[in-house]
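A, B, C, D and E label the chains in the order they appear, each numbered from 1.
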Amino acid sequence: MILGKVIGTLVASQKEESLNGLKFLIVRRVTVDNEETSGYIVAVDAVGAGVGEMVMVASGSSARLTRLTDKRPCDAVIMAIVDTWELDGVEKYRKD
Amino acid sequence: MILGKVIGTLVASQKEESLNGLKFLIVRRVTVDNEETSGYIVAVDAVGAGVGEMVMVASGSSARLTRLTDKRPCDAVIMAIVDTWELDGVEKYRKD
Amino acid sequence: MILGKVIGTLVASQKEESLNGLKFLIVRRVTVDNEETSGYIVAVDAVGAGVGEMVMVASGSSARLTRLTDKRPCDAVIMAIVDTWELDGVEKYRKD
Amino acid sequence: MILGKVIGTLVASQKEESLNGLKFLIVRRVTVDNEETSGYIVAVDAVGAGVGEMVMVASGSSARLTRLTDKRPCDAVIMAIVDTWELDGVEKYRKD
Amino acid sequence: MILGKVIGTLVASQKEESLNGLKFLIVRRVTVDNEETSGYIVAVDAVGAGVGEMVMVASGSSARLTRLTDKRPCDAVIMAIVDTWELDGVEKYRKD
(Lines give C-alpha, C1' and ligand atoms only; values in the text may rest on other atoms or scores of the structure.)
Protein backbone atom coordinates (compact mmCIF):
# COMPACT_ATOMS: atom_id res chain seq x y z
CA MET A 1 0.00 0.00 0.00
CA ILE A 2 1.06 3.58 -0.39
CA LEU A 3 0.69 6.42 2.07
CA GLY A 4 -1.01 9.59 0.98
CA LYS A 5 -2.86 12.66 2.11
CA VAL A 6 -6.37 13.37 0.91
CA ILE A 7 -6.15 16.74 -0.84
CA GLY A 8 -9.27 16.98 -2.90
CA THR A 9 -12.58 15.76 -4.18
CA LEU A 10 -13.84 14.87 -7.64
CA VAL A 11 -17.29 14.77 -9.19
CA ALA A 12 -18.11 12.62 -12.21
CA SER A 13 -21.78 12.29 -13.04
CA GLN A 14 -21.39 10.39 -16.33
CA LYS A 15 -19.87 7.06 -15.39
CA GLU A 16 -20.15 3.29 -15.52
CA GLU A 17 -23.43 2.56 -13.72
CA SER A 18 -21.91 0.31 -11.05
CA LEU A 19 -19.92 3.28 -9.75
CA ASN A 20 -23.00 5.22 -8.67
CA GLY A 21 -22.81 6.32 -5.05
CA LEU A 22 -19.06 5.95 -4.67
CA LYS A 23 -17.00 8.91 -3.43
CA PHE A 24 -13.82 9.74 -5.35
CA LEU A 25 -10.99 11.41 -3.45
CA ILE A 26 -7.69 12.77 -4.71
CA VAL A 27 -4.75 11.48 -2.71
CA ARG A 28 -1.28 13.00 -2.87
CA ARG A 29 1.53 10.54 -2.24
CA VAL A 30 3.86 11.28 0.65
CA THR A 31 7.34 9.97 1.30
CA VAL A 32 8.05 7.71 4.23
CA ASP A 33 9.27 10.84 6.03
CA ASN A 34 5.88 12.46 5.46
CA GLU A 35 6.90 14.92 2.78
CA GLU A 36 4.46 15.59 -0.02
CA THR A 37 5.39 14.51 -3.55
CA SER A 38 3.98 15.43 -6.95
CA GLY A 39 2.47 11.96 -7.31
CA TYR A 40 -1.24 11.42 -6.83
CA ILE A 41 -3.97 8.91 -7.36
CA VAL A 42 -7.74 9.15 -7.47
CA ALA A 43 -9.18 6.54 -5.11
CA VAL A 44 -12.61 5.42 -4.00
CA ASP A 45 -13.21 6.06 -0.31
CA ALA A 46 -14.20 2.91 1.59
CA VAL A 47 -13.67 4.21 5.12
CA GLY A 48 -15.16 7.68 5.43
CA ALA A 49 -11.96 9.65 4.88
CA GLY A 50 -11.96 13.43 4.52
CA VAL A 51 -9.74 16.11 3.02
CA GLY A 52 -6.60 16.55 5.12
CA GLU A 53 -6.47 13.01 6.46
CA MET A 54 -3.57 10.62 5.97
CA VAL A 55 -4.66 7.36 4.41
CA MET A 56 -3.48 4.07 2.95
CA VAL A 57 -4.41 3.24 -0.61
CA ALA A 58 -4.52 -0.27 -2.07
CA SER A 59 -4.27 -0.58 -5.84
CA GLY A 60 -5.00 -3.10 -8.54
CA SER A 61 -7.42 -5.97 -8.08
CA SER A 62 -7.10 -5.56 -4.30
CA ALA A 63 -8.94 -2.26 -4.67
CA ARG A 64 -12.08 -4.27 -5.36
CA LEU A 65 -11.90 -6.26 -2.14
CA THR A 66 -13.96 -3.87 -0.03
CA ARG A 67 -17.72 -4.06 0.38
CA LEU A 68 -18.18 -0.81 -1.52
CA THR A 69 -15.93 -1.57 -4.47
CA ASP A 70 -16.67 -5.26 -5.05
CA LYS A 71 -16.90 -6.06 -8.78
CA ARG A 72 -16.58 -2.39 -9.75
CA PRO A 73 -14.15 -0.86 -12.30
CA CYS A 74 -12.06 0.76 -9.60
CA ASP A 75 -8.28 0.28 -9.33
CA ALA A 76 -7.52 2.26 -6.16
CA VAL A 77 -9.29 2.34 -2.81
CA ILE A 78 -8.72 4.08 0.51
CA MET A 79 -8.94 1.10 2.85
CA ALA A 80 -7.61 2.71 6.05
CA ILE A 81 -7.13 6.04 7.77
CA VAL A 82 -3.67 6.26 9.34
CA ASP A 83 -3.40 7.07 13.04
CA THR A 84 0.36 7.11 13.31
CA TRP A 85 3.55 5.67 11.87
CA GLU A 86 7.08 5.60 13.12
CA LEU A 87 10.48 4.81 11.65
CA ASP A 88 13.18 3.27 13.80
CA GLY A 89 11.26 4.38 16.86
CA VAL A 90 10.78 7.98 15.72
CA GLU A 91 7.22 9.14 15.11
CA LYS A 92 6.79 10.58 11.62
CA TYR A 93 3.06 11.20 11.68
CA ARG A 94 0.25 11.34 14.21
CA LYS A 95 -3.36 12.12 13.48
CA ASP A 96 -4.59 15.21 15.32
CA MET B 1 -7.49 5.89 -11.13
CA ILE B 2 -5.62 8.47 -13.11
CA LEU B 3 -6.90 11.69 -14.58
CA GLY B 4 -6.40 12.40 -18.24
CA LYS B 5 -7.63 14.32 -21.22
CA VAL B 6 -8.85 12.53 -24.32
CA ILE B 7 -6.58 13.77 -27.12
CA GLY B 8 -7.02 11.30 -29.91
CA THR B 9 -8.56 8.29 -31.55
CA LEU B 10 -7.10 5.03 -32.82
CA VAL B 11 -8.22 2.51 -35.39
CA ALA B 12 -7.13 -1.12 -35.36
CA SER B 13 -8.98 -3.43 -37.72
CA GLN B 14 -6.84 -6.55 -37.16
CA LYS B 15 -7.38 -7.48 -33.55
CA GLU B 16 -8.44 -10.18 -31.10
CA GLU B 17 -12.03 -10.97 -32.09
CA SER B 18 -13.55 -10.15 -28.69
CA LEU B 19 -12.45 -6.53 -29.12
CA ASN B 20 -14.71 -5.91 -32.10
CA GLY B 21 -16.92 -2.88 -31.62
CA LEU B 22 -14.87 -1.27 -28.87
CA LYS B 23 -13.70 2.33 -29.26
CA PHE B 24 -10.05 3.07 -28.45
CA LEU B 25 -9.18 6.55 -27.25
CA ILE B 26 -5.79 8.09 -26.51
CA VAL B 27 -5.67 9.75 -23.10
CA ARG B 28 -2.94 12.14 -22.04
CA ARG B 29 -2.20 12.12 -18.31
CA VAL B 30 -2.59 15.38 -16.44
CA THR B 31 -1.17 16.42 -13.10
CA VAL B 32 -3.39 17.03 -10.14
CA ASP B 33 -3.12 20.75 -11.01
CA ASN B 34 -4.46 20.00 -14.50
CA GLU B 35 -1.24 20.41 -16.42
CA GLU B 36 -0.62 18.07 -19.33
CA THR B 37 2.23 15.58 -19.09
CA SER B 38 4.02 13.47 -21.70
CA GLY B 39 2.41 10.32 -20.32
CA TYR B 40 -0.46 8.67 -22.13
CA ILE B 41 -2.48 5.51 -22.26
CA VAL B 42 -4.77 3.98 -24.85
CA ALA B 43 -8.05 3.09 -23.17
CA VAL B 44 -11.34 1.57 -24.19
CA ASP B 45 -14.21 4.00 -23.86
CA ALA B 46 -17.04 2.69 -21.66
CA VAL B 47 -18.92 5.94 -21.13
CA GLY B 48 -19.20 7.78 -24.45
CA ALA B 49 -16.26 10.13 -23.98
CA GLY B 50 -15.03 12.38 -26.77
CA VAL B 51 -11.84 14.19 -27.74
CA GLY B 52 -11.20 17.11 -25.39
CA GLU B 53 -13.00 15.67 -22.40
CA MET B 54 -11.40 15.05 -19.01
CA VAL B 55 -11.80 11.45 -17.89
CA MET B 56 -10.82 8.90 -15.27
CA VAL B 57 -9.07 5.75 -16.40
CA ALA B 58 -8.99 2.48 -14.44
CA SER B 59 -6.17 0.07 -15.24
CA GLY B 60 -5.34 -3.58 -14.79
CA SER B 61 -7.96 -6.23 -14.14
CA SER B 62 -10.38 -3.50 -13.03
CA ALA B 63 -10.46 -2.33 -16.64
CA ARG B 64 -12.51 -5.43 -17.43
CA LEU B 65 -15.22 -4.67 -14.88
CA THR B 66 -17.44 -2.68 -17.22
CA ARG B 67 -20.21 -4.16 -19.33
CA LEU B 68 -18.30 -3.40 -22.52
CA THR B 69 -14.91 -4.76 -21.49
CA ASP B 70 -15.93 -7.87 -19.53
CA LYS B 71 -13.59 -10.79 -20.30
CA ARG B 72 -11.73 -8.85 -23.00
CA PRO B 73 -7.94 -8.35 -23.33
CA CYS B 74 -8.13 -4.71 -22.32
CA ASP B 75 -6.02 -3.24 -19.51
CA ALA B 76 -7.31 0.34 -19.42
CA VAL B 77 -10.85 1.70 -19.55
CA ILE B 78 -12.43 5.13 -19.37
CA MET B 79 -15.01 4.52 -16.66
CA ALA B 80 -16.05 8.13 -15.94
CA ILE B 81 -16.13 11.60 -17.46
CA VAL B 82 -15.00 14.20 -14.94
CA ASP B 83 -17.30 17.15 -14.17
CA THR B 84 -15.05 18.95 -11.72
CA TRP B 85 -12.34 18.48 -9.14
CA GLU B 86 -10.97 20.73 -6.46
CA LEU B 87 -7.92 20.76 -4.22
CA ASP B 88 -8.14 22.24 -0.74
CA GLY B 89 -11.31 24.02 -1.78
CA VAL B 90 -9.87 25.50 -4.99
CA GLU B 91 -11.42 24.34 -8.26
CA LYS B 92 -8.80 22.96 -10.65
CA TYR B 93 -11.08 21.81 -13.42
CA ARG B 94 -14.68 22.26 -14.49
CA LYS B 95 -16.29 20.77 -17.57
CA ASP B 96 -17.61 23.43 -19.95
CA MET C 1 -2.77 -0.32 -23.55
CA ILE C 2 0.50 0.96 -24.80
CA LEU C 3 1.55 1.64 -28.36
CA GLY C 4 4.70 0.05 -29.68
CA LYS C 5 6.55 -1.04 -32.76
CA VAL C 6 7.55 -4.66 -33.24
CA ILE C 7 11.34 -4.59 -33.57
CA GLY C 8 12.45 -8.14 -33.00
CA THR C 9 11.86 -11.79 -32.33
CA LEU C 10 12.89 -14.09 -29.51
CA VAL C 11 13.38 -17.83 -29.24
CA ALA C 12 13.13 -19.73 -25.98
CA SER C 13 13.05 -23.50 -26.25
CA GLN C 14 13.23 -24.29 -22.53
CA LYS C 15 10.03 -22.90 -21.05
CA GLU C 16 6.92 -23.62 -19.05
CA GLU C 17 5.10 -26.28 -21.07
CA SER C 18 1.89 -24.32 -21.54
CA LEU C 19 3.82 -21.73 -23.55
CA ASN C 20 4.68 -24.12 -26.36
CA GLY C 21 3.69 -22.78 -29.74
CA LEU C 22 3.42 -19.15 -28.74
CA LYS C 23 5.38 -16.51 -30.67
CA PHE C 24 7.33 -13.95 -28.63
CA LEU C 25 7.92 -10.54 -30.16
CA ILE C 26 9.96 -7.62 -28.87
CA VAL C 27 8.00 -4.37 -28.89
CA ARG C 28 9.59 -0.95 -28.51
CA ARG C 29 7.40 1.63 -26.86
CA VAL C 30 6.63 4.76 -28.83
CA THR C 31 5.40 8.12 -27.60
CA VAL C 32 1.98 9.40 -28.51
CA ASP C 33 3.74 11.43 -31.22
CA ASN C 34 5.19 8.23 -32.66
CA GLU C 35 8.77 8.67 -31.51
CA GLU C 36 10.66 5.61 -30.38
CA THR C 37 11.70 5.33 -26.74
CA SER C 38 14.18 3.09 -24.94
CA GLY C 39 11.35 1.19 -23.31
CA TYR C 40 10.39 -2.25 -24.53
CA ILE C 41 8.35 -5.27 -23.60
CA VAL C 42 8.37 -8.87 -24.79
CA ALA C 43 4.82 -9.82 -25.70
CA VAL C 44 3.06 -12.88 -27.04
CA ASP C 45 1.59 -12.31 -30.47
CA ALA C 46 -2.15 -13.03 -30.62
CA VAL C 47 -2.91 -11.36 -33.94
CA GLY C 48 -0.25 -12.32 -36.49
CA ALA C 49 1.92 -9.21 -36.12
CA GLY C 50 5.29 -8.92 -37.82
CA VAL C 51 8.50 -6.96 -37.38
CA GLY C 52 7.97 -3.32 -38.31
CA GLU C 53 4.27 -3.19 -37.48
CA MET C 54 2.71 -0.82 -34.97
CA VAL C 55 0.73 -2.67 -32.33
CA MET C 56 -1.18 -2.32 -29.09
CA VAL C 57 -0.04 -4.34 -26.10
CA ALA C 58 -2.23 -5.25 -23.11
CA SER C 59 -0.44 -6.13 -19.88
CA GLY C 60 -1.18 -7.89 -16.63
CA SER C 61 -4.00 -10.37 -16.21
CA SER C 62 -5.67 -8.93 -19.32
CA ALA C 63 -2.82 -10.41 -21.34
CA ARG C 64 -4.37 -13.82 -20.68
CA LEU C 65 -7.76 -12.91 -22.13
CA THR C 66 -6.99 -14.00 -25.69
CA ARG C 67 -7.65 -17.47 -27.05
CA LEU C 68 -3.91 -18.13 -27.40
CA THR C 69 -2.82 -16.94 -23.96
CA ASP C 70 -5.68 -18.20 -21.79
CA LYS C 71 -4.37 -19.59 -18.46
CA ARG C 72 -0.72 -19.17 -19.53
CA PRO C 73 2.10 -17.43 -17.59
CA CYS C 74 2.17 -14.48 -19.97
CA ASP C 75 1.87 -10.87 -18.78
CA ALA C 76 1.90 -9.02 -22.11
CA VAL C 77 0.05 -9.71 -25.35
CA ILE C 78 -0.22 -8.02 -28.72
CA MET C 79 -3.98 -7.86 -29.08
CA ALA C 80 -4.25 -5.48 -32.05
CA ILE C 81 -2.33 -4.17 -35.05
CA VAL C 82 -2.75 -0.41 -35.36
CA ASP C 83 -4.03 1.02 -38.66
CA THR C 84 -3.89 4.67 -37.74
CA TRP C 85 -4.13 7.12 -34.87
CA GLU C 86 -4.61 10.85 -34.76
CA LEU C 87 -4.24 13.55 -32.14
CA ASP C 88 -6.52 16.58 -32.24
CA GLY C 89 -7.34 15.76 -35.83
CA VAL C 90 -3.72 15.37 -36.97
CA GLU C 91 -2.67 11.94 -38.17
CA LYS C 92 0.38 10.67 -36.28
CA TYR C 93 0.62 7.20 -37.78
CA ARG C 94 -0.82 5.30 -40.72
CA LYS C 95 -0.02 1.74 -41.66
CA ASP C 96 1.53 1.46 -45.12
CA MET D 1 9.32 -9.82 -5.53
CA ILE D 2 11.30 -6.92 -4.22
CA LEU D 3 13.85 -6.88 -1.44
CA GLY D 4 13.43 -4.44 1.41
CA LYS D 5 14.29 -3.70 4.99
CA VAL D 6 11.56 -3.27 7.58
CA ILE D 7 12.05 0.23 8.96
CA GLY D 8 8.82 1.06 10.70
CA THR D 9 5.36 0.30 11.94
CA LEU D 10 1.98 1.84 11.22
CA VAL D 11 -1.27 1.98 13.14
CA ALA D 12 -4.65 2.49 11.47
CA SER D 13 -7.68 1.92 13.65
CA GLN D 14 -10.31 3.10 11.16
CA LYS D 15 -10.16 0.64 8.30
CA GLU D 16 -12.05 -1.83 6.15
CA GLU D 17 -13.35 -4.41 8.61
CA SER D 18 -11.63 -7.40 6.98
CA LEU D 19 -8.26 -5.86 7.78
CA ASN D 20 -8.72 -6.13 11.54
CA GLY D 21 -5.84 -7.92 13.21
CA LEU D 22 -3.33 -7.47 10.41
CA LYS D 23 0.05 -5.87 11.13
CA PHE D 24 1.24 -3.15 8.76
CA LEU D 25 4.97 -2.67 8.34
CA ILE D 26 6.90 -0.04 6.41
CA VAL D 27 9.50 -1.55 4.12
CA ARG D 28 12.28 0.45 2.49
CA ARG D 29 13.42 -0.88 -0.87
CA VAL D 30 17.07 -1.84 -1.18
CA THR D 31 19.15 -2.30 -4.30
CA VAL D 32 20.48 -5.66 -5.29
CA ASP D 33 23.77 -4.59 -3.68
CA ASN D 34 21.94 -3.96 -0.40
CA GLU D 35 21.94 -0.19 -0.46
CA GLU D 36 18.88 1.62 0.83
CA THR D 37 16.78 3.64 -1.59
CA SER D 38 14.12 6.28 -1.09
CA GLY D 39 11.44 3.87 -2.25
CA TYR D 40 9.11 2.23 0.24
CA ILE D 41 5.95 0.23 0.50
CA VAL D 42 3.55 -0.49 3.33
CA ALA D 43 3.00 -4.24 3.51
CA VAL D 44 1.01 -6.64 5.64
CA ASP D 45 3.23 -8.98 7.63
CA ALA D 46 2.44 -12.65 7.01
CA VAL D 47 5.57 -14.15 8.53
CA GLY D 48 6.32 -12.47 11.86
CA ALA D 49 8.89 -9.97 10.58
CA GLY D 50 10.26 -7.22 12.78
CA VAL D 51 11.90 -3.84 12.36
CA GLY D 52 15.43 -4.21 11.02
CA GLU D 53 14.85 -7.46 9.17
CA MET D 54 15.39 -7.96 5.46
CA VAL D 55 12.29 -9.28 3.74
CA MET D 56 10.71 -10.12 0.41
CA VAL D 57 7.49 -8.38 -0.56
CA ALA D 58 4.99 -9.70 -3.09
CA SER D 59 2.64 -7.16 -4.65
CA GLY D 60 -0.63 -7.12 -6.54
CA SER D 61 -3.13 -9.94 -6.39
CA SER D 62 -0.36 -12.27 -5.20
CA ALA D 63 -0.35 -10.31 -1.95
CA ARG D 64 -3.69 -11.94 -1.15
CA LEU D 65 -2.38 -15.49 -1.50
CA THR D 66 -1.34 -15.92 2.14
CA ARG D 67 -3.57 -17.30 4.84
CA LEU D 68 -3.68 -13.92 6.59
CA THR D 69 -4.43 -11.77 3.57
CA ASP D 70 -6.85 -13.99 1.65
CA LYS D 71 -9.71 -11.93 0.13
CA ARG D 72 -8.55 -8.73 1.86
CA PRO D 73 -7.93 -5.31 0.25
CA CYS D 74 -4.17 -5.61 0.61
CA ASP D 75 -1.78 -5.15 -2.33
CA ALA D 76 1.57 -5.90 -0.65
CA VAL D 77 2.58 -8.67 1.72
CA ILE D 78 5.79 -9.72 3.43
CA MET D 79 5.85 -13.40 2.48
CA ALA D 80 9.42 -14.25 3.52
CA ILE D 81 12.26 -13.14 5.76
CA VAL D 82 15.58 -13.23 3.92
CA ASP D 83 18.45 -15.25 5.38
CA THR D 84 21.05 -14.46 2.76
CA TRP D 85 21.56 -13.59 -0.87
CA GLU D 86 24.59 -13.60 -3.07
CA LEU D 87 25.50 -12.21 -6.47
CA ASP D 88 27.95 -14.06 -8.69
CA GLY D 89 29.12 -15.98 -5.66
CA VAL D 90 29.66 -12.90 -3.45
CA GLU D 91 27.47 -12.63 -0.37
CA LYS D 92 25.60 -9.33 -0.28
CA TYR D 93 23.50 -9.91 2.83
CA ARG D 94 23.39 -12.32 5.72
CA LYS D 95 20.92 -12.22 8.59
CA ASP D 96 22.62 -11.78 11.97
CA MET E 1 7.61 -10.04 -20.07
CA ILE E 2 10.96 -8.55 -19.30
CA LEU E 3 14.37 -9.84 -20.24
CA GLY E 4 16.96 -10.35 -17.54
CA LYS E 5 20.09 -12.17 -16.57
CA VAL E 6 20.16 -14.42 -13.53
CA ILE E 7 22.85 -12.95 -11.28
CA GLY E 8 22.24 -14.45 -7.89
CA THR E 9 20.46 -16.71 -5.47
CA LEU E 10 18.49 -16.03 -2.31
CA VAL E 11 17.68 -18.13 0.74
CA ALA E 12 14.67 -17.48 2.97
CA SER E 13 13.87 -20.17 5.48
CA GLN E 14 11.09 -18.31 7.32
CA LYS E 15 8.32 -17.86 4.81
CA GLU E 16 4.69 -18.45 3.96
CA GLU E 17 4.31 -22.23 4.08
CA SER E 18 3.08 -22.60 0.51
CA LEU E 19 6.42 -21.30 -0.74
CA ASN E 20 8.39 -24.25 0.60
CA GLY E 21 10.53 -25.88 -2.04
CA LEU E 22 10.56 -22.97 -4.47
CA LYS E 23 13.87 -21.57 -5.70
CA PHE E 24 14.31 -17.79 -5.64
CA LEU E 25 16.67 -16.23 -8.16
CA ILE E 26 17.80 -12.64 -8.54
CA VAL E 27 17.37 -11.35 -12.07
CA ARG E 28 18.99 -8.18 -13.37
CA ARG E 29 17.04 -6.41 -16.09
CA VAL E 30 18.78 -5.89 -19.40
CA THR E 31 17.95 -3.45 -22.16
CA VAL E 32 16.74 -4.63 -25.50
CA ASP E 33 20.35 -4.23 -26.70
CA ASN E 34 21.49 -6.60 -23.94
CA GLU E 35 23.08 -4.06 -21.65
CA GLU E 36 22.70 -4.56 -17.93
CA THR E 37 20.69 -2.04 -15.93
CA SER E 38 20.42 -1.33 -12.22
CA GLY E 39 16.92 -2.79 -12.14
CA TYR E 40 16.31 -6.23 -10.69
CA ILE E 41 13.57 -8.53 -9.55
CA VAL E 42 13.51 -11.62 -7.37
CA ALA E 43 11.65 -14.35 -9.21
CA VAL E 44 10.69 -17.95 -8.60
CA ASP E 45 12.37 -20.32 -11.02
CA ALA E 46 9.89 -22.51 -12.91
CA VAL E 47 12.22 -23.79 -15.62
CA GLY E 48 15.52 -24.83 -14.05
CA ALA E 49 17.44 -21.64 -14.77
CA GLY E 50 20.92 -21.03 -13.38
CA VAL E 51 23.16 -18.09 -12.60
CA GLY E 52 24.42 -16.49 -15.79
CA GLU E 53 21.48 -17.48 -17.98
CA MET E 54 19.27 -15.05 -19.84
CA VAL E 55 15.61 -15.49 -18.96
CA MET E 56 12.13 -14.09 -19.39
CA VAL E 57 10.19 -13.07 -16.30
CA ALA E 58 6.41 -12.78 -16.11
CA SER E 59 5.00 -10.59 -13.33
CA GLY E 60 1.73 -10.07 -11.54
CA SER E 61 -1.02 -12.67 -11.42
CA SER E 62 0.52 -14.35 -14.48
CA ALA E 63 3.44 -15.35 -12.25
CA ARG E 64 1.09 -17.84 -10.62
CA LEU E 65 0.19 -19.60 -13.86
CA THR E 66 2.97 -22.18 -13.73
CA ARG E 67 2.64 -25.59 -12.11
CA LEU E 68 5.13 -24.62 -9.40
CA THR E 69 3.67 -21.26 -8.47
CA ASP E 70 -0.07 -21.98 -8.70
CA LYS E 71 -1.98 -20.27 -5.84
CA ARG E 72 1.25 -19.09 -4.17
CA PRO E 73 2.10 -15.53 -3.01
CA CYS E 74 4.61 -15.03 -5.81
CA ASP E 75 4.49 -12.05 -8.17
CA ALA E 76 7.39 -12.86 -10.52
CA VAL E 77 8.35 -16.11 -12.22
CA ILE E 78 11.04 -17.19 -14.64
CA MET E 79 8.90 -18.94 -17.25
CA ALA E 80 11.49 -19.33 -20.02
CA ILE E 81 15.21 -19.47 -20.69
CA VAL E 82 16.13 -17.38 -23.71
CA ASP E 83 18.05 -19.01 -26.56
CA THR E 84 18.40 -15.97 -28.77
CA TRP E 85 16.80 -12.69 -29.76
CA GLU E 86 17.36 -10.38 -32.66
CA LEU E 87 16.40 -6.83 -33.53
CA ASP E 88 15.77 -5.86 -37.14
CA GLY E 89 17.62 -8.98 -38.21
CA VAL E 90 20.68 -8.38 -36.01
CA GLU E 91 21.34 -10.93 -33.28
CA LYS E 92 21.63 -9.30 -29.87
CA TYR E 93 21.98 -12.39 -27.74
CA ARG E 94 22.68 -16.07 -28.22
CA LYS E 95 22.96 -18.65 -25.49
CA ASP E 96 26.38 -20.31 -25.39
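The definition used in the following text is that a contact is a pair of C-beta atoms (placed from the backbone, for glycine too) under 8 Å apart; a residue touches a chain by one contact, two chains touch by 3 or more.
Quantities reported herein were computed from a predicted structural model and do not represent experimental measurements.
Participant: CA centre of chain A versus CA centre of chain B: separation in Å?
Facilitator: 20
Participant: Compute the distance, rounded to whole Å, between the mean C-alpha positions of chain A and chain E.
Facilitator: Each chain reduced to its C-alpha mean, chain A and chain E end up 32 Å apart.
Participant: Residues of chain E touching 2+ other chains?
Facilitator: Expected reply: 59-61, 63-64.
Participant: Graph of touching chains, which shape: line, ring, star, complete, other?
Facilitator: ring
Participant: Which chains make up the ring, in order, starting at chain C and heading to chain E first?
Facilitator: Traced from chain C through chain E, the chains around the ring are C, E, D, A, B.
Participant: For a test of understanding, state which residues of chain C touch chain E in their complex under the given definition.
Facilitator: Against chain E, chain C makes touches at 7-16, 18-19, 24, 26, 28, 38, 40-43, 51, 59-61, 63-64, 71-76.
Participant: Per the contact definition, I'd like the list of chain A residues that touch chain D in the complex.
Facilitator: Contact set of chain A toward chain D: 1-3, 31-32, 46-48, 56, 58-67, 69, 77, 79-88, 92.
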